[in-house]
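What follows is a set of structures to go through.
Each of the next two complexes has chain A plus one other chain: chain B in the first, chain C in the second.
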Partner chain A sequence: MPTPTTTGFTRRDFLATGAKLGAAFIAAPYLARAASIGSGTDSLNIGLIGCGEEGRVLMNAALKIPNIRFRAVCDIWPYNRRYGERLLEKFGHDPKPFEDYREMLSAVPDLDAVIVATPDFVHAEHTNTSLKAGKHVYCEKLMSNTVEGARSMVRTARETGRLLQIGHQRRSNPRYIYARDRIVHGNRLLGRVTNAIAQWNRAVTEDLGFPAKQAIPEDVLQRYGYANMHEFRNWRWFKRYSGGVISDLGAHQIDVFNWMLGSNPTSVIAGGGRDYYPNHEWYDNVFVIYEYPTAEQVVRASYHVLTTTSAGGGYNEYFMGDEGALKMSENPKYTKLYREDRAPDWGEWVKQGLVVRPDSGEGALPPVKPWEKPLSHPPMMSKSVSSVVDVRETAELSAWDMPVTLDKAIHQPHLENFFDAIRGKAALNCPGETALASAATILRVNEAVAARKMLSFVPEDFTA
Partner chain B sequence: MSEPTPSSPAASRCEYTWAFLILRLFLGLRTFFEGVEKFEKGGTYSFKNYYENMGRMAQGITGASFLPLWATRNYAHTLGYLLLVLGAALLLGVKTRVTLILTGLLYVSLSFGLMAVQENEGVAWLGVYIGLFAGALALVRHNRFVLWRDRFE
Partner chain C sequence: MSRALFRHEAMATTFEIVVDGQAEPYARQAAAAAFRELDRLEGELSRFVESSDISRASRLESGGAVVIGEDALECLLIAAEMAQETGRAFDPAYGSERGPELADDAPAFTLDPAAHVLTARARRLRLDLGAVGKGYALDRLAGVLAEWGVDSACLNSGGSTALALGQPPSSSGWPVGMGEGEARLELSLCRAALSGSGLAVKGSHLLDPRTGRPAARALRAWASSPSAAVADALSTAFFVMTDTEVAAFCAAHPDTGAALARADRRLRLHGTLRTLGSGA
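After this line comes the complex of A and B, so read on.
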């Protein structure tokens, strides 16, 4: 009969094993993400130009995508560059750091694609050079601070045969795709779309600073086109680097006008000014009205961006039809679908799962208390009659939800679409040609504000 | 200027009779359908639904108050049948005076449950019904059209 043996598991062994298990437990998330970097045929080598705010957002989104290997990071500010390098190293990447993007392109020849997340005024330069070096390019919006710059990017992509995706990420967001393809166009729940309103209201923000010891020398800044460190950090507010708030915030939402309405505008009238921030060049508030020709009628779309208040419902794009309305936002809490009282019953759409009754918030039934029986049918008199104060008011809209959520970072699906397009598995959701039309639509606003009159578009404005 | 003509005692009795009958029918219907509703779930009616609904109610009240589950469960399992029987008795006119007292007390017991979970809106609504039961008891001597009279009638 075998005798039981002692294991010889000493206290030292116990402590050593425990320490190893603890270290493995702490490192598990990083190891899991590092393991997904991969090196197969599907693996893509990526270089990042610009490790600032937007570059970090894109890095964090891309790190969640399998088979992506960051091989190089580039930024003229060592402070940003080191941040990007360290973040990527933490997740198992081994990026080479560069100050000059041209050096990066020549020193790391096996890059498949380049992500451009630099200020708008250098988008065209960075994108065109990368495309000419044979790289596919994902460039942040706004495509360029000039229409000519944007047009040159389209032409270069065409000439080189490389892919160019612009970062209007709402075009890859499954919630927006569902709203456009199934709600607005496919099943026409809004009926005839007559108007659109969008806004981005944001509270006062302080200018960005920088640690004094980390300042870039003046000669280096000037070599790369910046007047000084303050303008380098706050380039969005200065005319030589960007198109101002209308291109910074408005770009996303005005692009959604073009996409959702399926056309480009014929005219724009706008007003705005630099009324609050004395040390900025660009307007801090802008109000715009576009006219969009659609198959059914001219749709007037108004947009405003305010940088001194977050009142008024944050940021959303609101499409209004004669049978319903859709309020979209990247933030689901600002998103809602509305049914006009005169519209056909939506019971069939509920049965088909196209729309759902809200579980909570606007349009939801009052919460059922633990001791109450849930209602099988909504109560007959659920609408508030006390809010009707005038006979000229029409019936209150009922609020509904869409059964689609996005459980990823908002930029991730757009990057996934870009990488899938490189692999030949998808078409780009926002190719350069499409983004050029949006850039032309957006940048004309600043001209309209300056001209203080309505400006017209011709079809050639939107093409390269 | 003419003196107001007092209504005749017979006419007055008729008005009280109708006033009470309307009140009795309302309270009877309300109580009866309150009982019926306890058997409904998802648009269908069954004893299975009844015990599910009542089980949820008992759990909910116990979870939000000091009342023990054995007490709330026994109460809940009896409640629906009591509402049906008392509601039907009011509608048909079976021992109306006694029925009004019992139904009024049942509504007081419901109020007690809602007071225990601090459901003030529900308590206020039940208070309205209890006021109606009190009014009905004040008028019960005018009860007519009954199946089984009270002893005093």
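After this line comes the complex of A and C, so read on.
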């Protein structure tokens, strides 16, 4: 057991407030060396390419995993790079900073793995070069802005024998795994799955700016493939860097279609357009219908992504069957299970602990916003003895919960899976081959929008 | 170059940023960057977000430990200092089940700053940064604005804590109101934070962590400090502390000010607020 001590703290002695209040070590009783978490052996050296918004999310998640050392950070923008350096230093890491990822790969030869969190159009280049340098790679989704780029990554991973994990992090989320393995497939609580619907409705966002003093010189930007600072900051909206919203937001959820249904689609039809933001290239809204062949029937799955309204409850993936329906989301507030009347009684599943009744048990989560607590539906049978039913709007299906809590940062389980795979303790949850199939599924949407007709897939579309 | 106001909902309230002396499009982008930081902080600090550090820590039993992020650590260190300094009149772990094995004056959790590890000491740890997290967020947003070269600005979280940065070009400070009716004071705030606690907006929500019973005070209390996180925590502490305790605290901490509403609605001022209030 660690014992409380006030000695040995070389840092934060002590904090802005301590100094201002005129007393150091005010919080001494709250300070104690902790028992070490993790063994200290088997440490992995990591280099990070891309310290922007996604890179920071991954850094923060990886810092919560034992025995991970960041040895290098790379970003062409000093403003981002310094953020990464400063954060890592606070955790006792000593990362070397680089502008060019090739210098990083040659100057820090003992990296075990590289995390790629750069814009999509350089994913293939950064991943392939890192793999060829003998590093395992965790690359953010979307794998690449082109299917050819994604295919090259699969081939390079194969040729080099290195591991390639793509950042579709829902595939490692314990709640998603539970839903797929225990609810949908294992015990078939939805019965026969017939349809799926998913959405991401996001409110209007401003184009990203940058601190005036932090602009990157134009020649540097152009050396790395960017037209100017505005496109560098808002690359997701421009065709040379990205596949647009269907690959930014849709990628997560369409990947879950493939994963949950266990197949790749045979066709896609889609509509979309740039109807709202005059200064963007990519569509601001897209509507899609896929057909998925499953063992029981063709499952029709629709998807839409909107970037002009958050109406309709944010983002979720909804799988529907003849005995029940499952609404999945990374946000537990949007995650629910519904039972159809014709389904066998779920009392037995409750007894077994597979599902819990609504808002019951210690696992029941508080709502995300206190004022959004769902209203409880009063029983339909009237309290009055003179009528048998109070007629009003149709009662909603009762909602059930899954007893699974994500007790980690959202991206942490997927990173842990990658690190475990490097150590030979796990198989990758989203290897390049699998993510290539998802990338092909997703990027074909933009082609269907442009063609204004239904497009078919052949099996070779999904393989390298 | 005009004054521009930007709003964003987070942490169950509305945050506002007023920027002066910048072209509006630039001010808008700077505010948007600050609000993105705010959303990120909510994901780290909110007990209503399942995977936040605070939620993870709040599932611990005695002896259990979790690695926490930089923001949770910084905010908990400030909270720990405030808890210690106010004799737990402010306590981020007030909802914990302490258990008989924990001494009365022992903290419900300990922190190892170098390792970023929080260890639970209470039998069941329950953390709530509701009375310090919004202030901490304001301090962080001020940091983002500083990176953008935005110096002249005033921020607030739902009206309960205001943080004034550099003064507007045409004035010596930001006008910030406090109190009601004849007793209302308008302070001119510059590089300082003011936070208020009371029952009018949210009803009876303040328990005295030292006794577990509702606070005796019924009228509002305000605290001022250079740090919004400290002001936020202290306004909660001052609400449950006696007038004498508040006066003693301000006397011992020269950067701190307090204002306590009296039954006749007049304000009793202490510390830095005495100077600020009399100059108003």
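Structure notes:
Basically, the second predicted complex is superposed on the first by the 386 of 464 C-alpha atoms of A that agree within 3 Å, B and C clash if a C-alpha of one lies under 4 Å from a C-alpha of the other, contacts with A are read in each partner's own complex, and residues count from 1 in each chain.
Here is the rule we use: contacts are C-beta pairs under 8 Å (C-beta built on N, C-alpha and C of every residue); 3 or more make two chains touch, one makes a residue touch a chain.
Nothing here was measured: the structure is a model prediction, and the numbers come from that model.
Touch counts on chain A: comparing chain C and chain B, the chain ahead is C. Residue contacts after overlaying the shared chain place A:T405 against chain C, while chain B stays out of touching range. In the superposition on chain A, A:P332 contacts chain C only, with no contact to chain B.
In the superposed pair of complexes, A:E460 makes contact with neither chain B nor chain C. Shared-chain residue A:D345: touches no atom of chain B or chain C.
After overlaying the two complexes on the shared chain, residue contacts for A:G209 are found with chain C alone; chain B is out of touch. Residues 369-371 of chain A touch chain B in one complex and chain C in the other. The part of chain C that touches chain A in the complex is made up of residues 12, 25-26, 28-30, 32-33, 36, 40, 44, 47-51, 56, 59, 63, 65-70, 77-78, 80-85, 105-107, 109-119, 147-149, 225-227, 229-230, 253-256.
On chain A, the positions that touch chain B within their shared complex are 369-373, 376-377. Those residues of chain A whose C-beta lies close enough to touch chain C in the complex are 1-2, 4, 9-12, 14-18, 20-23, 26-37, 53, 56, 60, 63-64, 66, 79, 87, 90-92, 205-214, 332, 365-371, 405-410.
Against chain A, in their complex, chain B makes its touches with residues 37-38, 40-43, 53, 56-61, 63-64, 113, 117, 119.
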